[in-house]
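The data blocks that follow each hold one structure.
Heads up, the next two complexes both have subunit A, just with different partners, subunit B and then subunit C.
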Partner chain A sequence: MQRRTFIQALAAAGTLGSLPLAASRSLADSSTNSSFPLSVDQLPPLEGDLTLYLGRGEGGLYENVLEAIRKRNPKLNLQIRRGSTAALANSIVAEAKAGVRRADVFWAVDSGAIGLVSDSGLAQPLPKDLTSQLKTGFQYPEWAPVTGRIRTLPYNTDRLTEAQIPDSVMALADSDLSIGWAPAYASFQSFVTAMRLLEGEKATADWLRGISKNATQYAGELGVVMAVERGEVDLGFANHYYTLRLKSGKPDAKVDLAFTKNDAGCLVNASGILALSEGDLPVNFIRYLMTREVQSYLATEAYEIPLVDGVTLPEGLPALETVSPPKVDLTQLADLRPTLKLMRSVGVL
Partner chain B sequence: MQSVVKKLIVRKYRNAGLIAGLCTLLATGQAAANGAVGDHVNHLQDHLGQYTEEVNWLVGKFDGVVDTYEEKGQKATHSDSMIEFWEEVDFHSAIETNYVPVYAMIWQGIYGVKQAIDAGAPVETVRAEQAKLDQALWQALGAVKLAAQYQQKGLLAKIQTTEAEPTTAPETLEDIKHRLDRVVAKYAEKLPDAATTIVHDTYLQRFEGVEGALIEQDANLVEDLEKDFNVTLPKALSSNASVDDVRQVVVAMQAKLDKAKALLIEAEKDRKDVF
Partner chain C sequence: MTRWPKSYPLALLIALLALVPVGVLIGLASDTAELFDAHNLKVLTNTLLLMVFTVFGSVLIGVPLALITAYVQMPWRKLWLVILAAPLAMPSYIGAFTLYAAFGPGGEIANLMGVPTPSVNGLAGATLVMTLYSYPFVMLTTRASLLSLDTSLVNAARTLGMSMSACLWRVVLPRAVTGIAAGSSLVALYTLSDFGTPAIMRLDTFTRVIFVEYNAFGLSQAAMLSLQLLVIVGLVLFLESRVKSNHEKPGRHLSLWPGFWQKLSMLLVVMPITLLAIVLPLLVFGVWLLREGTGGFEFSYAWNSTYASMLAALFAVILAVPVAHAAIAGRAGRWMERVTYLGFGVPGIVMGTALVYIGLQLPFLYQTLALLVIAYILRFLPLAVGSVRSTAEGLDPSLVKAARLLGASPREAFQRITLPLSLRGMVAGAALVFLEAMRELPATLMLGPTGFETLATYLWRVYEAGYFGRAAIPGLLLVLMSALGLALMLSGERRAEFDVTEDRHR
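Right after this comes the complex of A and B.
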């Protein structure tokens, strides 16, 4: 059994996972196209009126990006409506049903909300030269993933060794490890949705029941990571950046990251953007988010994973070739209803 | 009575914390929970006479309730009418949109009197609660008058009748502090479930957005606030704690949020440019 951990990955040891070649390449190959990433200097100026619906993101860092775009493009009249990603997605669909379109562009913190809008037939196709800037496996015709995040198993380094952590998320349900989780948290629910799609309803229900026997519930996933670090639980389920940020602020934190292999436990989810109105302006606006500068900024400042080829990963993240995420169409994570129903039926919500 | 008001206003002018609170709260914008906010809140100066009349009216009405209790006893006293009186006046939204901590004190005062009556407490006890309520009302009028002056000078942003989203971490932290004031207000209003919902939503919709950046600056502070949001405050709200005890938890959290704000403002100075 080969286990992937934070420290191991820093040593860049490991082999490619068991994914099909295309999927493996999706994260491993960061230099497929030498012409990417583009610099902002190569883009045309943005001019005209543009309304962006912006899902709540990383505590102001998305705002910094938008402000920088504004400053660089004084002839751009950018109007922003902010709110929760799910609420904005619902608004866009409702507005379309009412025969109005207020948003030109929708930037969402999770791909599920993107799926909700694109499934409604509201997204404009994106040009190939834009989508081809993205890593293989993250190229979609009607939306562009902006940055990614990996599901991880943060574990307490005093209480566990890496050898004690299964590399199968499903196997955790049969372990006697104490676990921290945040079932009400959107990222966790997307992860359960992925498991439902990959493993089926029954296996997911059994897994939830099994985990819940040894689980302590927390409100959010930073809370999970901090509980792991305190030693309240052996390990937890959380997106990667919480642990990286904790270790940045507390270098001696007793927590490390482990990854499962080729299952929902190491799902890579993404924030994404789509154009709702036709024309060059929305598309060119999206191009700004794909630039080396913006991708690097979000990687270094928010610890998000750049999804454009050729941009350096955030510090502290394992080399992505050591991670083997499952192959999932991220927009399929849109329909949370069966997931919520399942989670309620087994009593974890 | 006017001299009392003047003293309170003067006291308020000396209270830098209140002034800062007024500026912040009005700048961030908010919507009242109890019905629509009338546009009068953006024209406070024009309505100061009305508000003063309303406060006098309320003081008289509350006094009448206690008089009835004193003269005719508990059965003849409709303590619920105190809530109806309070919800009837425009002054209600004027203070709710201007200074939530005092708004909470008014609710606390109303329920102080009401519960004393409902419990059949001695008249002296009820009068003592009534005095606290009156003081809160006059303090509130002082706060609204102060806000009116700031509004006249154009120092305050127009009060929004729909919720505004903060766009920076310091704005978010100020918004969180304001929401915590509302937690106390809802709890004082005897709506613990509503108060708990605000705590939960504030954590998920606001604090979650800034704690990632904050943990890079001070992991222990985040740990403290995590515990406050998820254990200490919800526990206080569900354990029938006094309004003063809940307020104490909130005030302590607000002090930590101020520290967080200072840290994030400092950290932002070192943040690299996007382009």
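Right after this comes the complex of A and C.
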């Protein structure tokens, strides 16, 4: 889907014919559940001043969504502040302490930052009809997950076949495969937190020790995927979309995705949004992100997993039903300090 | 009671202002219990090694380049200077990432040309990148002090039979030692506070630990670690202050006229540096641009960057003058000057958060351009102070006394003697602040007006998302705007040079 057609589609969004292909397909497929997902046509127009703190540096796609919302709502004066998720969360808390509120809505890349802000009692409760649009397991009273990402094992297709990869993440610690990882990366730390909650401190510490024997460290998970593709390591730990994005720019890339089963290795984490100020405008703004159009767009273009019930996945994306993620309360993943302490005591951080 | 030098009250005020963020850090750190654990020792070693190697590398490259740009007469001298200073405009995380992506097995160079290259990573890789992006600190400060040296000593040495190279080594460089030391300490502080390069090169340094804590919502622990880092910063500042300055009369400076082969060999030495630091990253971006296409960029970002950085450069130099003069006037002033350096050694993201807390105490300033400029000044004031001081130290106080004796008011003496003679240092300082502000990221993100997009913040956005092709145009523009700004300031420098020589020979 091209950026311009998407913007036009969302701005006009009248007939089915003007909808981009992916979106119209998803509309057809969702006929079983007629109420969700909503189309932007069914939403009230947005009017007034709204300041969004956007906790990620997404170059283009999120911008396109926001620009389309702006185009469709000419009376909306949307101001955007970008920054790293942790820095914005810290700013929001500092602002609240000083009795200043600048942000109406906070859209964060990981649920940990959402946890920090909502633990400080700054998040406004969301109406039930909004949160009930989300898939079960992703409904929270004070924030709404926007899109999901799956923990995956990208592997080098020259050096490995899928059959050689164990389907339990814990078993990887006993294998002699060379592994790329990014222990300093937030998503990896959330994954270790999930493992800590599911398997306990000791098992997690043993696992970290086992992996670190065969592991090479990278700064971020894009770096991990690039290293896997170059053949520097056999396989790595990374969010699913890095691999899909790399393959879209380089179709002959020597990398593919493997999944573990029902453990922290295939955790589904989410980016999330919460309202900081009262009133309808922030909530209605969040509703726009839950629409069919936006969810399908982020899935097709950014390879993120739509979390609203009834949005169909485009091709190439692992369907949530085919992976068997563990059951974890995502806001609990904000409890990062014990994880860091553990990782440090094992010497991997 | 002895009378305080005139510059003291102002310098004291500025020093106190510079201490405020440190005070906020102490406040933030007071929540934490953990002080220092054994793991940090390894981190500390890495940090110190990286710092020492980078300073060594920067001196190795920066000092010869300072000699060339100050003394050697060749066509397009200013252009060479601008090109050689341009690495300061490139955010080091961008440089580190492109070098990492270009070299090594499966890197872009191997892909395109089939030539296997060694990987760039670890301590060696981090040192290479940090050196490439911080040697201009040494080059610019050293050049400024070289230009304030009188050539007659060299002439005397040459007349007595000393060779030119021995002369540069034994007569010229020892007198430029304050400039070299000032540049080296800036490099050291920059290395201590930079996060991106060690992270990409997979080197575990202090900043990386701080960054990990910060992102795990351990703000107080990050603040505590930053305070520990400040201890190293203090040590660097102490070491630099041990370097004795010399006082001599300013005069006409040395001019060298190289032959063809000498020019060629200089070019061969300079080329790889510029190729690695500027051309290669832009080429890699270019490759990605062709592969992925561009989009979403607006030219107003370039204007925002330039405008804010120009303001920061201007005000930083104005504030640097009293601080630099206080530093020369006495021991207490020297302390005030040292204090202003602390901000430069704190990692940007922690400093940015401290400034958010300060900004929130002044709600009318919070999230305005003014606060952003103040943040730039607080972070980069030492760059201006260092340059202004090293040239001002070369000032002969008897010139001012003579002017006063001949009936000039203190004001006139300052305007006609002191100011023109220290203008060169001010210009160099302004240039440093300008370049550093152009590439500054964390404070720009956290403190700028909402929706205020600069080249650096745009580069960060596309880099974070992995859309590297889109970094090509802003990357090029960042270098270009910085070069333009630099050229503008250097034209100011030429006027200063002209004034001095004219006054002397009229």
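Brief remarks on what is shown
The rule is short, and it goes like this: the second predicted complex is superposed on the first by the 314 of 349 C-alpha atoms of A that agree within 3 Å, B and C clash if a C-alpha of one lies under 4 Å from a C-alpha of the other, contacts with A are read in each partner's own complex, and residues count from 1 in each chain.
Convention: contacts are C-beta pairs under 8 Å (C-beta built on N, C-alpha and C of every residue); 3 or more make two chains touch, one makes a residue touch a chain.
The model shown is predicted, which means the values in this text are computed figures rather than measured ones.
Bringing the complexes onto one copy of subunit A puts subunit B in a clash with subunit C. In the superposition on chain A, A:K327 makes contact with neither subunit B nor subunit C.
With both structures placed on the common chain, the touch criterion links A:A89 to subunit C but leaves subunit B unconnected.
In the superposed model, A:E232 lies in contact with subunit C only, and not with subunit B. Comparing subunit C and subunit B on the residues of subunit A they touch gives the larger count to C.
Of the two partner chains, neither subunit B nor subunit C is touched by A:R159. By the document's definition of touching, both partners, subunit B and subunit C, reach A:G249.
Looking at the shared chain after the overlay, A:A98 reaches subunit C, while subunit B stays out of its contact range. Legend: residue contacts after superposition of the two complexes on their common chain; A:E293 is shown touching subunit B, with no touch to subunit C. Of the two partner chains, subunit B is the only one touched by A:R72; subunit C is not.
Once chain A of one complex is fitted onto chain A of the other, the partner contacts of A:A219 extend to both subunit B and subunit C.
Aligning on the C-alpha atoms of chain A brings subunit C into conflict with subunit B at a single listed stretch, 145-153, out of 145-153, 217-225, 325-333 or 397-405. Residues 56-61, 63, 82-84, 218-219, 222-223, 226, 230, 242, 245, 249-250 of subunit A lie in contact with subunit B in one complex and with subunit C in the other.
Against subunit A, in their complex, subunit C makes its touches with residues 37, 39, 100-101, 104-107, 199-200, 202, 208, 211-219, 291-292, 295-296, 349, 352-353, 356-357, 360-361, 363, 366-367, 442, 445-446, 450-451, 457-458, 460-467, 470. By the touch rule above, subunit A contacts subunit C in their complex via residues 3, 51, 56-61, 63, 79-87, 89-91, 94-95, 97-98, 100, 102, 112-113, 116, 184, 186, 189, 217-219, 222-223, 226, 229-232, 242, 245, 249-250, 334, 336-337, 339-340, 344, 347, 349. Within the complex formed with subunit B, the subunit A residues making contact are 40, 56-61, 63-65, 67-69, 71-72, 82-84, 218-220, 222-223, 226, 230, 241-242, 245-246, 248-250, 253, 293-294, 297, 300-303.
Those residues of subunit B that touch subunit A in the complex are listed here as 165, 167-169, 172, 200, 203-205, 208-213, 215-219, 222-223, 226, 229-230, 271-275.
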